[in-house]
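Some structures to go through are shown next.
Same chain, two partners: chain A is paired with chain B first, then with chain C.
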Partner chain A sequence: MNKIMSDKRIIAMYTLPALLLILTLIYVPIVMTGYYGLMDWDGIGAMTFIGLENYAAVMTDGAFWSSAWHSFLLALFSVGSLVLYLGVSLVLAGNVKGADLFRKIYLIPMLLSSVAIAQLWMRVYHPTNGVMNRFLTSIGIENPPLWLSDTSIVLFAIFIPIIWQYAGFYIIIYYAALKNIPKELEEAAKIDGASPFQIAYKIKLPLISGIIKVTIVLAVIGSLKYFDLIYVMTDGGPNGASEVMASYMYKLAFRTNDFGYGSAIGFFMLVMILIVTYLIRRATATKDEVQY
Partner chain B sequence: MKKKAFVPFMTLTTAALMLAACGGGGNDANETASADENNSNNTNANANNEAANNAAEDQEEVTIDFMHLWPQGSSPDHHRIVSDIIADFEAEHPHVTVELEVLENEQYKNKLQVVSSSNQLPDVGMTWPAGFLEPYVNGDMFTPLDDILEEDGLRDEFVAGTLEAYEVDGESYALPLELNIAPVFYNKAIFEEHGVEVPETYDEFLEVIDTLAEAGMPPIALGNRDRWTGSLWYMYLADRIGGSEALNSAIDRSGSFEDERLVEAAEKIQEMVDHDAFISGFNGLSDQEAKAEFMNGSAAMYLIGSWDLPNYTTNEEVPQEFRDSIDFFKFPEVDGGDGNVDNWVGGPGVGLFVSEESDVQEESKAFVKHFAQEWGKRSVEEAGVIPGTQVNTEEVDLPDLFVDVLDDLNNANDITLFADVQMSSSVAETHLNMIQSLFGGETTPEEFAETHEEALQEDE
Partner chain C sequence: MSSNSTAVESSEGVKIGSFRLKITHLLLYVILGIVALVQLLPLVWLLLFSLKDNQEVFNLAPFALPSDPQWGNYARVWTDGNIGLYFFNSVIVTGSSVILTILLASFVTFAITRMQWKLNKLVLGLFMVGLMIPVHSTLIPLFSFFMNVGLMDHHLSIILTYTAFNLPLTMMILLGFYYTLPRELEEAAIMDGCSVHRMFFRIILPITAPVVATTAIINMIYNWNEFVFVNTFISSDSLKTLTVGIQNFIGQYSTDWGAIGATLVISMLPILIAFFILSNRIVEGMTAGSVKG
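Let's look at the complex of A and B:
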């Protein structure tokens, strides 16, 4: 076995196919996107080279920055919701009755496709027949909010299903990590007279800090590039009130036929996400891993 | 938040690749299979013919690639007519095989853009008029069809004004298959119940709205998340106040959007909103959701294109009682306005183009000509689609509502093309966004006009 694995040709044979796929499907398009961003191109006819004009335009495009702000808010909310998931997982990982059932319940949204979730929540938010407003009227609220058409709340109304959609995913991750902590540590702490809160805060959380960091990065990246529910539920509207970066990019490239500018925004997003990821990793870096 | 978030986000181009890849699935395989079947039958027939009369008709076998957007699942009638027309054509031209690719509307648009950028347009396909078609023509993707329009008086078979929507610099680039106008549909039963009559002026219209709204019946179903739906209302008001010339001249830049007649139309929209004319939450509802309200009898009126006529006439899935209670009226006049009540908002839908790069252009042109003519003969009766070619209402067997619309269409004084189709795509995007915020009360009529004017100027 060792002999085979040290043969360079064999290594190449095993890794090349995957490498080629990643290169052609991911990295080449990224470079091409950056290149298209330098062009004035409607996606159909001939391209004209215009240098950095598109990228300069991104800088002063109010609609883009407003969509970037919405994406940033989503990232903030997603990270905030991680605290909630962590709490739920701590409870589930303790020996609660029916933990198994709850875990499955939390996971169900993960099994639905985005479009199905969007359709479901559009029913929930329907201004007159929706579950939400039916309930609000039945308890005596006369003019319940118009969830998806009121520009001041549409963004937050749409955050709820997005966060709900991924709850199961993070809970599973945390649950698995917490279950991996050796029982002896908890028992030893109990003998020393630690309260459940102290056990969670001083022992369990530090032990899974690596996982927590990973989930923060996942949540931030996922939010910054988020597209699906927004595209189906509001299409970024009304008048851009729920637009995020990815939906704005899609609109420019495929609706207004400004492929060059759309590509510039796509590339810009990539750079932004790389920077943010780097910053998060630096901010959460610790010298040594906690071990007991 | 996705599982594979470590992989850098999906870039524009991978998205495009995926769209293209998705587009190939599903229907495709079946279509090709059935086309192949036809092909083998035809070649057999061809061989027999040749053997029989020993003719030296050694025409080369050719294949026309044809992309359309009426899948069997969602548009069975359209799909059947298309297949029949193709079978006819293949029988008449034994050396030609038509290969089909069928996609849903949105996928179709995306795929067309993706294949055009790699110069792989199908030989024949469908396009929308004006703003959609223009970049393709400017990129030399479509070929002019004037030569076949001059043959056998084909040009005169089309309803006056429809071909113009596919013209760029005086040359026609597609043959229209659909033509629609937008009447105000209303529920007679609801009107009777609340004792209101069909309004003839805008003031009467407001009274009808008030009566209905006070009785707790939402007057108008509007799904303004789709935005072009609200645009129809604005266009009609602009037309009734300033005539078709006011809006058209602002868009073609012979006039200005800050024209006071266009501002007044915007004021009237907000006046209607203030009178609770539209269903609650309209800016967050899709057109489909709004239509559901109208079809459930929980809204009295609904302004939509005549493509919806089958729902009110022939569609067996809609209860007979509801279909019987639907009628339409022309958009009311505005006192002191210049608009003619026989002016309509509307326009052609999809049309057939032939690719400039096609290596079977001659056959493709013959095919689109054959298609447009056959489609015109069958589409109204069999699929409820008003074709771009003229329909003789005395010859066809149609429900009254259909005949009324067709007659009104034949008597139309002027048809203003949907604003978002008329405008270039970036101006259209501004227009549609401004429509949403005008209806939502987040912008004033003056700002509405000003933003349009800026976008139009920038685009010049």
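Let's look at the complex of A and C:
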């Protein structure tokens, strides 16, 4: 038995194809991104080694830091919206009839492609025919905002469909975690006269703190690498007002063919995400995880 | 909040308390209902304008039913817009990636969880770290790699990329299931003179069918909706998938609301149909895939 189940040849056969694939298509590329960042390269012609020039240029590139600031705002906003999702999940997990149907309805936008969502919300925000401004006009607001072409609100306008898209995803995660809490705990608290709010705040939330941390990490990483909706809806515009790191990198590489500089930004993003993930994990680490 | 608390309070004869509880309960449903409405209304609006002509889109109230549903919008975009071809490409790419991903992920997960070797934890770690890598940090090297090996503008480039990037998540969902399989299963099989391959294909894969189904549907959703890789690696219109295809197509029809609506509805339909049939598996897969991260 042991001999057969530790046969090196079979283990290699079962492991190597997948391993080779992620090494070639994930791990080698992230190393190469760092390497290409040292080059002056248009993607087709010969590369010229220019040392840390690209990385130094990134440090003083106002457009990059503006895009990084927008990514950071998106992350803050996404973490903030987790509170909203958590609130809905607490309601949903409180022995509501039809909870299953509700959470499935909430999940629907998450199943759609970002391109379809972006195209749909571009119509929602259409200045004259979009459902948003038709509604605002009908309740008497005379000059409703030009959502996607006003530099002061475009970023906010894009946050809305992002919340809409991800709501169901986080709600089903919180819901599953809340449903895992043993009933006895809640009942004991009730007998002791605790209000639903006290039960939620003092008992339920601490018990699912592990999941909350995971979702914070997911929301932050997701935001820092966010791309699809913004690329389709505004392409970072108007005038860079909704540019994020990934859309800026994409533009530099695949439109201006500055592959060296684009790679440097791609590498920056990677390092930033790894550091931020580490910092969040460390900041939220507790010595003794709550047991139940 | 729960029916239990209602029972406790009414048994104590606190009528006012139970009335208040009913109000709270109603309020909870109102909150949940509003959220559901917010999630659905943009889609309902989309469905409605996909069946209108521009005249009606501009003049009728946004949620008014079309007086004469323009099913022709759907027929028109299906033939004019290559939607049929994009659809077919999406099926090919999604289908191949899902099969390849599940097969490779099952192989590795089996080797890591059921076979005895020293480096298994290290290899597992390598796959799991893959979950954190941002796609954009790999895009330029992948672009130049596929260019060099001649896979640029070829379905294989996206199939392989989807497989690599979905392996970690797929394995994560499979792992829990594989760890719970009883050892006796393998012992009995090997006693009977079964080879490892035979055991894997005849016993292990069939037993893991439920969790494989879950990973399959999750993979299907992610691949069907993927945008960046296709947008970057595929340039021929005839090879584009639905997500990227509709993006280009809508650009040409920017003023024809009915055509845009119909295109979007067509692109969403397969996923929505799958959801109506398999919603439990989808919910399960999405929860499993994230919670363990």
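Convention: the second predicted complex is superposed on the first by the 276 of 292 C-alpha atoms of A that agree within 3 Å, B and C clash if a C-alpha of one lies under 4 Å from a C-alpha of the other, contacts with A are read in each partner's own complex, and residues count from 1 in each chain.
What we mean here is this: a contact is a pair of C-beta atoms (placed from the backbone, for glycine too) under 8 Å apart; a residue touches a chain by one contact, two chains touch by 3 or more.
Just so we're clear, the structure is a prediction, and the values are computed from it rather than from any experiment.
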Check: Overlaying on chain A: chain B and chain C, fit or clash?
Finding: clash
Next item on the list: Mind telling me which of the two, chain B or chain C, contacts the most residues of chain A?
Entry: C
Check: Looking at the overlay, does A:Leu270 come into contact with chain B only (first), chain C only (second), both, or neither?
Finding: both
Note to self: Output check: A:Gly262 vs chain B and chain C. Expected answer is one of first, second, both, neither. What do you get?
What the structure shows: both
Check: Looking at the overlay, does A:Gly240 come into contact with chain B only (first), chain C only (second), both, or neither?
Finding: first
Margin query: Touch test for A:Gly168: chain B only (first), chain C only (second), both, or neither?
Written below: second
Margin query: Touch test for A:Asp42: chain B only (first), chain C only (second), both, or neither?
Written below: first
Notebook entry, point to check: Given the touch rule stated above, what does A:Thr60 touch, chain B (first), chain C (second), both, or neither?
Noted result: neither
Item checked: Contacts of A:Val154 with chain B and chain C, given as first, second, both or neither -> first
Next item on the list: Check whether A:Ile221 is in contact with chain B, with chain C, with both or with neither, and answer first, second, both or neither.
Entry: both
Check: Should A:Ile11 be classified as contacting the first partner (chain B), the second (chain C), both, or neither?
Finding: second
Check: Following superposition on the C-alpha atoms of chain A, which segment of chain B from the set 3-11, 147-155 or 417-425 overlaps chain C?
Finding: 3-11
Margin query: On chain A, which stretch or stretches are contacted by chain B in one complex as well as by chain C in the other?
Written below: 25-26, 29-30, 32-33, 36, 43, 169, 217-218, 221, 224-225, 246, 249-250, 253-254, 259, 262-263, 266-267, 269-270, 273-274
Check: Where on chain A does chain B make contact in their complex?
Finding: 25-26, 29-30, 32-33, 36, 42-46, 78, 122, 125-128, 146-151, 154, 162, 165-166, 169, 217-219, 221-226, 234-235, 237-240, 246, 249-251, 253-259, 262-263, 266-267, 269-270, 273-274
Item checked: Residue numbers on chain C that touch chain A, as the complex places them -> 1-5, 8, 24, 28-29, 31-32, 35-36, 38-43, 45-46, 49, 57-58, 61-63, 104-105, 107-108, 110-112, 114-117, 123, 126-127, 130, 132-145, 160-161, 163-165, 167-168, 186-187, 190-191, 196-197, 200, 221, 224-228, 232, 242-244, 246-247, 250, 257, 260-261, 264, 267-268, 271-272, 275, 279, 282-283, 286-287, 290-291, 293
Notebook entry, point to check: Which bits of chain B are touching chain A when the two form their complex?
Noted result: 1-3, 5-15, 17, 109-110, 113, 116-117, 135-136, 138-141, 224-225, 227, 279-285, 289, 298, 425-426, 428-429, 433-434, 436-437, 440, 442
Item checked: chain C-touching residues of chain A, taken from the complex the two chains share -> 1-2, 4-8, 10-11, 13-15, 17-19, 21-22, 24-30, 32-33, 36, 43, 88, 91-92, 94-96, 102-116, 119-121, 123-124, 129, 131, 134-135, 164, 167-169, 172-173, 176-177, 186-187, 190-191, 196, 211, 214-215, 217-218, 221, 224-225, 227-228, 231-232, 245-246, 249-250, 253-254, 259, 262-263, 266-267, 269-270, 273-274, 277
